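Take a look at the structures listed below.
Here chain A shows up in two complexes: once beside chain B, once beside chain C.
After this line comes the complex of A and B, so read on.
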């Protein structure tokens, strides 16, 4: 049970970083960044590249990955947002799709199509907790993601930059009227979002590997997390991401947690990964119909 | 003098013919991107190496198209290649769903498809234009189960397979062979290629108390299962599908994680063997700066059989189809001949990792496992 819970939390924590970055850009520019999944992939490959150059644990590489990914995020804003900022949001999300495809093909050209593994955060192997064996990497992912989510909270709630970021997200015209350099703030938002996606990429690329085509899967996770958690809600994105991981890991594991379930007729089918995926998307449909504002009830906005 | 001039003209006219005896057009339509990109890249490299080593006098034109993973992309690529002019043979995607979509187009245009796809059903549709140079599921899954039953003495197996056509096909053959060998499948589950966390399926497999874990998954999922099985301390012998024998799959894992892992395949070029295999290995490394796998070798042998048919006078797709259907070819991995349905490869090997290195040793070879006598 503990092993399954730790695995769920580890996966959900990495998804949370991805979803957080997605929400930050959504709030800042009122458009969906469809390149967010490909930024996770890019972060994984940046970690792989640094790992080839510097044989050190992933935690040492994390600051380097954050910096490189922040620069990529800044470049994303320059090519995919600013030239189109006065156009309808649809232009921005199409331009981010284009950037995502460019990133995907760049990764393919530079690293090849085969899966790669980034270095573990500290060390691989297992650790025993109360008689249960769990993966060190999974625990490290949870810890690093928790620190980064807390850092995001502090940045947004306790710093001047955070106030400017929030002001711009809430009302861009008013923020501009108050003297906030909105374009700088938006560029910073893209940088932070990309850095968080890159961190997710580093965390995921050891246990789950990274391939150039992973972005599509991750953007879907981010989108679902944000719809379930509440469109534009930062805590909602984190909770939505954790819920996705719960569906992916805990639901198929129910017969292990409640051994009596294994004896039910059709149990192996009912608690399979396939059914877990179907139920996840059914939950998404239910949320859209019954509670379109999501679990955290932010104001309903247009879902690009 | 006139006779001399006539002879000279005749000689000059014939001279180029002796240099270029035949032309062949061989489009290479393989998945370079998507979840099968690892295998597709091997397929491409094997085909290109064969084209580079074409028999003297055979001039080959080719272009490489990425089919991705969508059937319609593969069909479009095939139709585009055919529309450009006469095609001698096509190196066709190893993705089963793409092959199934391409088969009617190949039949309509009478163009042979040369592939290493393992999906059984591609040669079960009475289509005379498909030639598979990798042992099909009927062959490799028989070897897969025989190794588990005869060498590992397994009686209770847990089976994890992919939800794709490849996975479904392998599952069917594994089940049939397991039944014949007296192995009970005590747990089975299919997983999508997007699934990352394998701990639920591994936990349930372990709870079923098997004595062997059978995998039939694409390369990324195979590596994920084996890594997470090691992390969970599963302590079960694993006999995997052919994805595990690929050097890039092994490169994702630590040697210790590979301890007790075996895999079926057609051949393992990195494991060494015959002088021909060693030459192939050395040239492949030089050309592509990568390690070859059985898919690359199977595709190499397939294209070489086509090119040798062209060198012997098969000047168009119909003649090449006839040569592939009725001839035999001593390739690097094995001797190929059609069973009448387009299955050209009838041998399989089981490779195993010792936990010390990422280079497997050949643990068992199964020749003519289905007793094909043609």
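After this line comes the complex of A and C, so read on.
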């Protein structure tokens, strides 16, 4: 039981990094970055590439991945956001889809379609912790993600850059009038968002491997997390991501936790990853229809 | 296509059609023909997608799913149950339409990003269900051995026959799409896309319009899916995967979102793009992404939109003016408008806080009050754009509570907007003509059955000219509204409201931004409208404009009526002066 919890928490923390980046861009420019999932995939491959060059643990690669991904994020802003900033938000949606296609096929051309694994953060294997056996990697993921989420919080709440980022997200024109160089701030937001997605890629690419087509799955997770958590809410996105992961890991593991369930007819069919995903989407549709402001309320007032 | 021909773009269009016909004649290996057949299938799919994405302006991500569903219906019925085209094809269209109808109710009222996500979710569920339902769908492997097109025992061979069959459907689909979107009904789409609010306020039922675009998209997608399976002879989950959706989106963006030629150009180009970029080997799909990105950045209206900009169409000759048919007058019941104890709050702010007022037939009443006093909110509640928490609005004796804005507008209560809400790309004539859609019987059946140019559009244009002349526009009415000066645009908006033949007209700051001579002209025309029997409520800050015009003034402050009487009485009222404080001195 605890093992399952640790695993879902690990998956959830990686999702949280991804969703965090998604919501930061959403707040800064009021547009959906559909390439966010492909940035996770890209981060995974960047980690794989560095891992091939340098035989060091993943934690050492993390800063490198963050830097490379921040540059990619900056480039994303330059090609897919700034040329379109005075157009309707749907244009950015499509342009980021295009960037997603480019990233996906670039990865495919460079690394091939086979799943690849990035090095573990510290070391692989299992560790016994208070009587339960959990994987080291899962614990390391939780720790790294927690540090990064905390760092984001500190950056936004305690630094001058953070104040500028928040001011831009709240009211771009006002921020501009106050002398904030809004374009720099937006570029920084894209860089941070991409770096966080890349970190998620590094964290996930050891346990779950990485393939060029992973992006579509991740963007849906980020999207759903942000809807559940309340459109535009940063803490909501983190909570939403954790809930999604909990559900994804829990449902297939239910027969292990409650042994009686395994004997039920069709149990292996029902308690599967696919059914979990279907139920997740169905729940998403219900949330959208019944409570479009998300479970915890909407953080941004949509401009009429 | 037909409209484009008539607009005098024969040259480029004929050249394009010629190229299209020449293509398969030149590149005619079996492989080339197959690729060109696929291009036709995608053209049909994109034609459908243009309804919801182009004309309704909604980013639906279900088009690939409807396509896949149509494919599976044909695949399962054809391969497993031996059914022929006459059974499988109608069902391949019917099932996606049914699915669209079922999901439409909850999904269509969602806004942009939510709508995109919800439709994406639906598409993903469909894919996963298809993978799970292995006994029926063959799971991840799909179903091989789907028969070709078989009609009454005759089977259509591959190569040229199939190609011609598919492209015949493209032509049929293009014809239907042209009929639906090319006339007055199509102008209603354009207004809805530019401003849903403005569309509702000229009597257009946007919920119904949106639903129809969604259903049409599904129908075209189902047909394309069926033809796809007949071409490939297998059906697999690939048909449901997201990359089909991405391809459709890319084709629509590259070709053009609302142009029929755009659907064909986009589909033919992007289906062949991977063939042309094959020398790039594994990098060719990157070129695909780059092409999409470049198009959205450099040519947002697509290739066809770019061409139209290069060869702008000759300005249409103005129609002759035609007066509007008399409208059955409302039973003269007084007061014309009665508002009682109306309340509307936004969060903690009471924008309208117990307003009661009445308008007699033939009156011009000025509604004044400082900024934020609730004037526009009051108008929005009266016209049905906002629902009040409390109170009642009666128009000619009938309660308006709970009615949709378009219903209220059709009853003869018209309005203009403080921030002009016109379609910039349409001419002034068409901006006004579109408001006749609800009255000239512009609808689906009407659009499909019309012969030649849509007669309702022609008549609506003649009526629009009549209205625009009455409000003082000349030759400039044939120019796009985006090119017209502010004062002229104000008048176009008033003419559009007049197209509803209203008994009551609500003008929201009509004099804002007008020069003094324009104001004087507007005042004169407002008086003429009054003499024609139109009652008016004018929201205005401009007292010199309003004072000589209004029979009565009503002053709002923080959501309440603080004064109601002759202009002189209200102007002298100490509460009114207090509400405005220094503001009045500067305006008067």
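What we mean here is this: the second predicted complex is superposed on the first by the 287 of 304 C-alpha atoms of A that agree within 3 Å, B and C clash if a C-alpha of one lies under 4 Å from a C-alpha of the other, contacts with A are read in each partner's own complex, and residues count from 1 in each chain.
The rule is short, and it goes like this: a residue touches a chain if its C-beta (ideal position, glycine included) is under 8 Å from a C-beta of that chain, and two chains touch if they have at least 3 such contacts.
This one's a predicted model, so the numbers in the text were calculated from it and none came from an experiment.
Once chain A is used to superpose the two complexes, chain B occupies space that clashes with chain C. Once chain A of one complex is fitted onto chain A of the other, the partner contacts of A:135 are limited to chain B, with no touch recorded for chain C. Contacts of A:285 after superposition: chain C is touched, whereas chain B is not reached. By the touch criterion defined above, A:274 lies against chain B and chain C together after alignment on the C-alpha atoms of chain A. Of the two partner chains placed by the overlay, only chain C lies in contact with A:109; chain B stays clear of it. When the two complexes are superposed via chain A, 94-102 is the only one of 22-30, 40-48, 94-102 or 310-318 in chain B with C-alpha atoms clashing against chain C.
In the superposition on chain A, the residues of chain A touched by chain B in one structure and by chain C in the other are 104, 108, 274, 277. Chain B makes touch with chain A in their complex at residues 32-35, 37-38, 40-41, 163, 187-192, 194-197, 199-201, 203-204, 207, 219-220, 223-224, 227-228, 231-233, 248-249, 252, 254. Here chain A touches chain C in the complex through residues 32, 79-80, 83-84, 87, 89-91, 93-95, 97-102, 104-106, 108-109, 216, 220, 223-224, 227, 231, 269, 274-275, 277-278, 281-282, 284-285, 288-289, 292, 302, going by the rule given at the top. Note for the complex: chain C touches chain A at residues 59, 106-107, 110-114, 116-118, 120-122, 124-125, 128-129, 131-132, 242, 246, 249-250, 253, 282-283, 285-286, 288-290, 292-293, 296-297, 300.
Contact residues of chain A toward chain B in the complex are 3-4, 7-8, 11, 104, 108, 112-117, 124, 126, 133, 135, 204, 207-209, 211-213, 217, 245, 248-253, 255-256, 259, 262, 268, 271-274, 277.
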